[in-house]
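Should a chain be cited, it is by its letter among A, B, C and D, assigned in written order, with residues numbered from 1 in that chain.
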C-alpha cells in the first residue's frame, strides 16, 4: 500500500468555531494507483489533499494517522514534514497558473528551490530537460518568466516540477479545470504517462469533472460534505454506484465524456449542510431520497466488495437495483 | 516595452509642459508687478524709478505680447535662464538655486534610499510574526502620522539645545571654510544629520507599514503556498515575498516623491538647512515670484527625473514590464 | 451566504479586531473632544486670559501661550479645523478620485487613456510645491479654501486605485447582467460596482483623510495655512515663531503635534484593521 | 543581494555627501581668488615689519577672533552693491563702504568719518567737505575728492549716469558739486537748501571708488552685484555661502591710525536667518555674539543665566528703532472723519499691546509718534493739551457726540447716514507680534462699539493695498530712527498724495493737508543743529498730528539686540560706564555708531 489513511479528521479553526471539513476518513491507495477524488465544491477534497502535504493553521488535525510507503507521515509537524514534501509527497496545486514566482526565471526558481532542499540541480538538469521535452516544452522556458508562458504551458511546467523528485504520492488538484478541452486531454494523458514512467507512484486526481477521471483514473472516490461516500474502481463508480449521492451525481451528468460544469446538483433539492455545525450522522441525510431512521448515526466507510467502499446504511444491492 | 516607455515619455513630456506653463503664470498673474517690487527693493527714487521700470520691463520681456513672453520663457528655460531673483537681487535665479541644490540632494537621496531600504526590511521583519507585528508596527503608524517639521523641532531641541550633540542651523560649521578635509566633511555630516534623521524617521515608518501589508499579501500568494507545499524553507518563501513586495514599494516610492520633497522643504526650514525649501519659503514671504518660479521648476524637474529613474529601475527588476504585458498598468 | 449574514460576519470580526478598536478609539476620542472640547474649554482661544507662558495647571490644563491664551482652548478649537480639512479635503479628493477612477476604469478606451495621462501628470507634480504656489496667490485664506486646494491636488492617488478596482469588477457577471438589462453606465457604477468596492472606497477615504490632515499641517506650519481661525498646524507655527520649545514652553508646542500624530496614526491603524476585516486572507495574521 | 544593495546604498550616500562637500567648495573657489590680492598686499605691508610668510586663510576661524552676528540677512547674500539699499549684504555700508559722516542718534551728533571735520557751511548755500588725509581704498589707491565727486554725481539727473539712487533727491536743490582740491569738495546749493535732507544724505551715502565704478554700465551701478567690490572700510568681503557671509578685518584701514583703535574681531561671520526660532537656538548654544533678531523670550534670556545682555537690563530691554502706527485710509467713510479717528485713538489699549503682544520688550509710543531720540522736540504742553491715552469711555463719548449711534442694535455704531460700519485692520500673515497686536486693537475697537476685525493677508497684497490706497486700517513702522525728525514727518505727510509710487514711503492713507505739507518743507530747510527752529516747526506739526490723527502712533518697535559676553565684551549698554552706541548690524545702522561698537569690542578676559 502506498498510502494509508486512518480515521483522518481535520477541522478548520475559525473564530466562530470549527469547520468540520474532513471527518473520519479511512482510505488506502495502492502503488501505481491513480485515484480520482470527486465531489461538489466544499466537500473536503482539497482539505484532504492539503492535509497530506501542507497541514497548517487554520487547519487542525483532530485525529487520524497517515502512512506513506509503510512509514507514518508526520503531517502535523511542519518542520519534519518538510523532508517528505516534494520528495515523497508532492502537489500540482489548483492554482498552478500562479504557482510560480512571477519575478523569477523559471529555471532560476527551480534551482533555488532545489538548492534549498539540498538537492543538486546540476545533476538533475538533464532529467529536467528530458521531462520538459516529454510534456512538449522547450528547455528554453527555463530562461523565461512565468508570465511569458501560456496557461497550458504553465500547467505542464508545474507538473514537471512537482514530480521532479519522483514522489511516491502526487496530489493533482483540479489540474484540468482552467484549461481548454484539448489541453485538458493532453494534461491528463501526461499524468498517466508519468505514472507509467514511474515519475510518480500513486496519484490522487482531485476534480469535480468526473469525465476526466473516467479517462485516467483507476479508481474514484466520492466525497460529500467532509465525509467519504464511496470508493471503487472507475468502472464500478460509473456503472454500479452504491451510495445514493454517487448515484445522483453520476446520473446528473449529461453524458459521460461531456464536460461537467461546476454547479450544484439540480436533481437533489436542498444544499449541502454548513460544515461549521454539521448534522450528526450521515450528512447527506437531509437530501437523500432513501434516508431513514438509522441515518442519524454516522455510517461506517466499509468495504462492501473487494475494492468497493461505501458509507451508507441502506442495503446496497437493493438500492442499486432500485 | 517600447510602448511602455513611449507612454511614460508622453506623460513626462505633458507633465513638464503643464508644469512649465503653470510656472510661467506664477509671476505674471500674481497681484502686483514684480518689477515694482525690484525697484522698491533697490530703494530707487525719483526719475530713476521710471527709467529702471522701463529697463526691467524690457529685461524681463514683460513689455512683449503674452504669447511671445510664453515662447521666450521656453527658450530661456532651455538656456538655463530663469530670470533674476527679486529678493536676492541681482543674483540670477539659476545661480541661487544651483547653490542650494547640492544640499537638497545630499539630504534627499540618502534619506529616501536609506529609509526605503531600512523601512522595507523592518516591515518585512515585523511581518514575521503576530507578536512582532503587534509590538513593533504601531511604532510605524505613529511615525508616519508625525508631521516632519514637528519632529524636526523636537529633535533640534533635544539634540541641539538640551544635549548639545548636534548643531541646529547651517550647512556646515559657521567657523569653517569649505575644503576637502576631514574636519570639514565631519562638520558637513554633523549639520546634515538631524535634518536627515527627521526625514528618515518619518519615512521609515511609512515604508515599514507598506512593506508589512504587502508582504502579508505576498505570503498569502499562490506561489508562496506552492513553495511551502514543496517543502521550501521559510527563508526562501520570505525572500521571494520580500522581493516581490519591493516592486509595489518601488511604485510607491515614485508616488511618494512629491510628498517626500515637501517634507524635505519643511525640514530644511526647521533646521535652516540651506536648500531649496528654505528658498521657497523666503521667496513666498518676499514675493519673489521669479525665485519661486525657478524653485518650482527645479522641484518638478527633480521629481520627473527621479520618477524616470524609478521607472527604469522598475523595468529592470520587474520582468513583467519587460515582457510587455503590463504596458499601461503603471 | 446572504448579505445580512456577511454583514454580521464583518461586524463580528470588527468587534474582535484590536487594530480597529485602538485606531477607531483614538479617532473617536478626538472627534468627541472636538465637539465636547469647546463646551468644557473655559476660554476663547484667542483671548488673553492668563499669565504669559504659564505651565499646565488646574486652571489652564495645557498651560498658556506667550500671549496668555489658553492652549487647551486653542487645541480643541484647532481640532475642528483639522477634522474639517480631513473631511472636506480628503472627501473632495476621494470624490474626484472616484469620479475619474470610475469613468476611466468603466469606460476604458480613449477616455481612460486621457484620464490616465491626466492622473499621471497631476501625480507627478509635487503637490506641496503646487499648494505653496496656489496658497501664495490667495489673499485671505480660510480652512475651506485650504481643504479645497488639498482636495483638488490629491485625487490622483485615489483615482488610480479606484480605476484598477473598477477594471477588475466591470468584467464580473453581475455587471454584465446589469449591462445586458440596459442600465445606464452611471447607474451600473453606483448600484453594481461601487457597492461591491464600498469597503475599498471607505479605506481610500480614510487614507485621503489622514494625508489631507498632514498636508494641511505642513502648509499651516509654513505659514501658508488659514490666515483666519486656528488649527493644530497654525498652533505649531505660532509656537515655533514664538520659540516655545526653546524657551521651555513645551506645553504649547507638543500637544498640537501629538494631536496630529495621534489622529493620523489612529486613522492608519484603523485602516489596517479594516483591511483585515474586509480581507479574510489577512485575518489569520 | 542584500550585500550588494548595502554597497550600492553606501556608495550613493557617500556620493551625495561628497556632492554636498564639493558644492560649497566650488562656490568658495572664486572667493579665495578675490581675497588673494589682499593677502599679497598684507604681506607687502607686513614684510616691512616682520619677515613672515603670507598667512593662508585658515580653514577654521579661531573662536576668540571671530564675531558671529545675525539679524540682517534673510536669504543667501546676493548683492554687495552699497546702492542696493534694501538688499546689500550685511556690512556693505559701514564696514566695507563708508560714508562721509556717521550719525549718533543717542547723542544727536554727526561724527566726521571719511570727512575730516564737522559739517562746514562756508555760506548758506555752500557746504565744504574736507576729507581725511591718508585714506586708501583696499587696492591701495587713495580715496580723494574725485571719488566723492563721482559718487554724488552718479545720481545727477542731468549727469553721465542718471542713476536714480537714494540720494537723487539732493539734486532738487543742488546746483553743483565742485572739487576744490584733492581732499576738498564744495556742494553748492540753490537758495534755501533743505539742510535736514542734506545732512541725512551725508551719513547715508556710501562713497565708492571712481576708478572702478566709472567703468560700469548704469544698470550695474544700480543693480549689479558688485561681488568683489573695493571699499575703504575696516572690513573686507572674504567669502560667502548660502547660509553665511564672512568679513575679514582690513588691517590697513585708515581708522586704525586715525582713531587709535583696531576693530576687535578678526572676522565677522554673519549668519543668514532661518527663523527667529533658530536664531534663539543659536543664542542658547552660544553660537551668536550679536543677534539682531526679534527673540520673544528676551526677559527669560536676560534673567535666566544665559549670559545674554540687552541694551537696557530691564524692560523695555531694547532701544526704540521705529514707531509702529495705525495707518488710516482717510479717503473712506467713516475714517475721513477726524472724530472717528480720535475715538479710535482713545479706544486702543497700547499698554495691553506692549505687555501681551510684546511681553514688555517695547515701549508705548508717545502720542506725537516721535522716537525717544527726538524727545527734545516733543512739545509737552501740546501733548498735555491734546495727547490721548486709553480711555474707552471717552472713546464712546466721542463717537456719540460725533453722531455715531448704534441704530440696528448690533452693539456696533453705524455711520451717520445709518449705513453699517465694518472695518478691517490688517498686517501681513506670519508677522506674529503684529497679528497679536491687531487682535487687541480689534477687540478694543469692538469694546467701544466700532465693528473692526483683524485680517492677515500675505505681505504682497497687504503692501499693494497701501501703495494703491485700498486698505482701511493697517500697522506700519517704516519710519526709522534717523538724523532728523523731518524723515518721520515726511513719512506721515508724504506729498504728493495722488500717486504714491512704489519707491516712495508714507502717507498711504492719503491724508491731505497743505498746511502740514508746507510745514514739512519748512522743517526740511532748518539748519542742522538748530533745535529751537526744529522745535518751533515740529510743534506745529505735532498739533496737527495730535488733533487730526492722520496716523495713530502705538508703540516703538525695538532695536532688537541680544549680545553675549562669552567671547566679546564691552558691548554698548545703558549703563553709565558703558558706551552708548547702537548695538546693531542692520543695514543703515553700522553708520549709526554700530561701527564704533566694533572698535570698542574686547575679547573676553578668559579667552
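Basically, a contact is a pair of C-beta atoms (placed from the backbone, for glycine too) under 8 Å apart; a residue touches a chain by one contact, two chains touch by 3 or more.
Quick caveat: nothing in here was measured; it's all calculated off a predicted structure.
Student: For which pair of chains is the number of C-beta contacts greatest?
Tutor: Per chain pair, the contact count peaks at B-D.
Student: Report the chain ID whose CA centroid sits closest to the centroid of the full protein CA set.
Tutor: If one averages C-alpha positions chain by chain, the most central is B.
Student: Any idea how many Å lie between the Cα centroids of subunit C and subunit D?
Tutor: About 45 Å, centre to centre.
Student: Report the inter-chain centroid distance for subunit B and subunit D in whole angstrom, where each centroid is the mean of the CA atoms.
Tutor: 37
Student: If you average the CA atoms of subunit A and of subunit C, how many Å lie between those two points?
Tutor: Once rounded, the distance between the two centres reads 49 Å.
Student: Take the average of all CA coordinates in subunit A, do the same for subunit D, and state the distance between these two points in whole angstrom.
Tutor: 90
Student: Any chance you could list the residues of subunit D touching two or more other chains?
Tutor: Counting only residues that touch two or more other chains, subunit D contributes 275, 277, 281, 284, 430, 458, 460-461.
Student: Which parts of subunit C, given as residue numbers and ranges, touch two or more other chains?
Tutor: In subunit C, 136, 139, 223, 240, 246 touch at least two other chains.
Student: Among the residues of subunit B, pick out those that touch two or more other chains and give their numbers.
Tutor: Those would be 30-31, 153, 157, 161, 269-270, 284-285.
Student: So in the complex, the part of subunit B that touches subunit C is made up of which residues?
Tutor: 10-12, 14-15, 18-19, 22, 26, 29-31, 130, 133-134, 138, 141-142, 144-151, 153-154, 157, 161, 209, 213, 216-217, 220, 255, 257-259, 261-263, 265-266, 269-270, 280-281, 284-285, 292, 295-296, 299-300, 303-304, 307, 328-329
Student: Using the touch definition up top, name the residues of subunit D that touch subunit B in the complex.
Tutor: By the definition above, subunit D touches subunit B via 5, 9, 12-13, 16-17, 19-25, 27-28, 57-61, 63, 66, 68, 74-76, 78-79, 81, 83-87, 155, 157, 162-169, 219, 222-225, 239, 241-244, 246, 269, 271-275, 277-278, 281-282, 284-285, 287, 430, 458-461, 463-464, 467, 501-504.
Student: Quick one: which bits of subunit A touch subunit B in the complex? Just the residue numbers, please.
Tutor: 53-54, 56, 81-87, 90-91, 93, 95, 98-105, 112-113, 116-117, 145, 147-148, 158, 161-162
Student: In their complex, what parts of subunit B are in touch with subunit A?
Tutor: Interface residues on the subunit B side: 221-223, 225-233, 235-236, 240, 243-244, 247, 317-320, 323, 325.
Student: Spell out the part of subunit D that touches subunit C in their complex, as residue ranges.
Tutor: 275-277, 280-281, 284, 295-297, 300, 352, 356-357, 359, 429-430, 432, 436, 439-440, 455-458, 460-461
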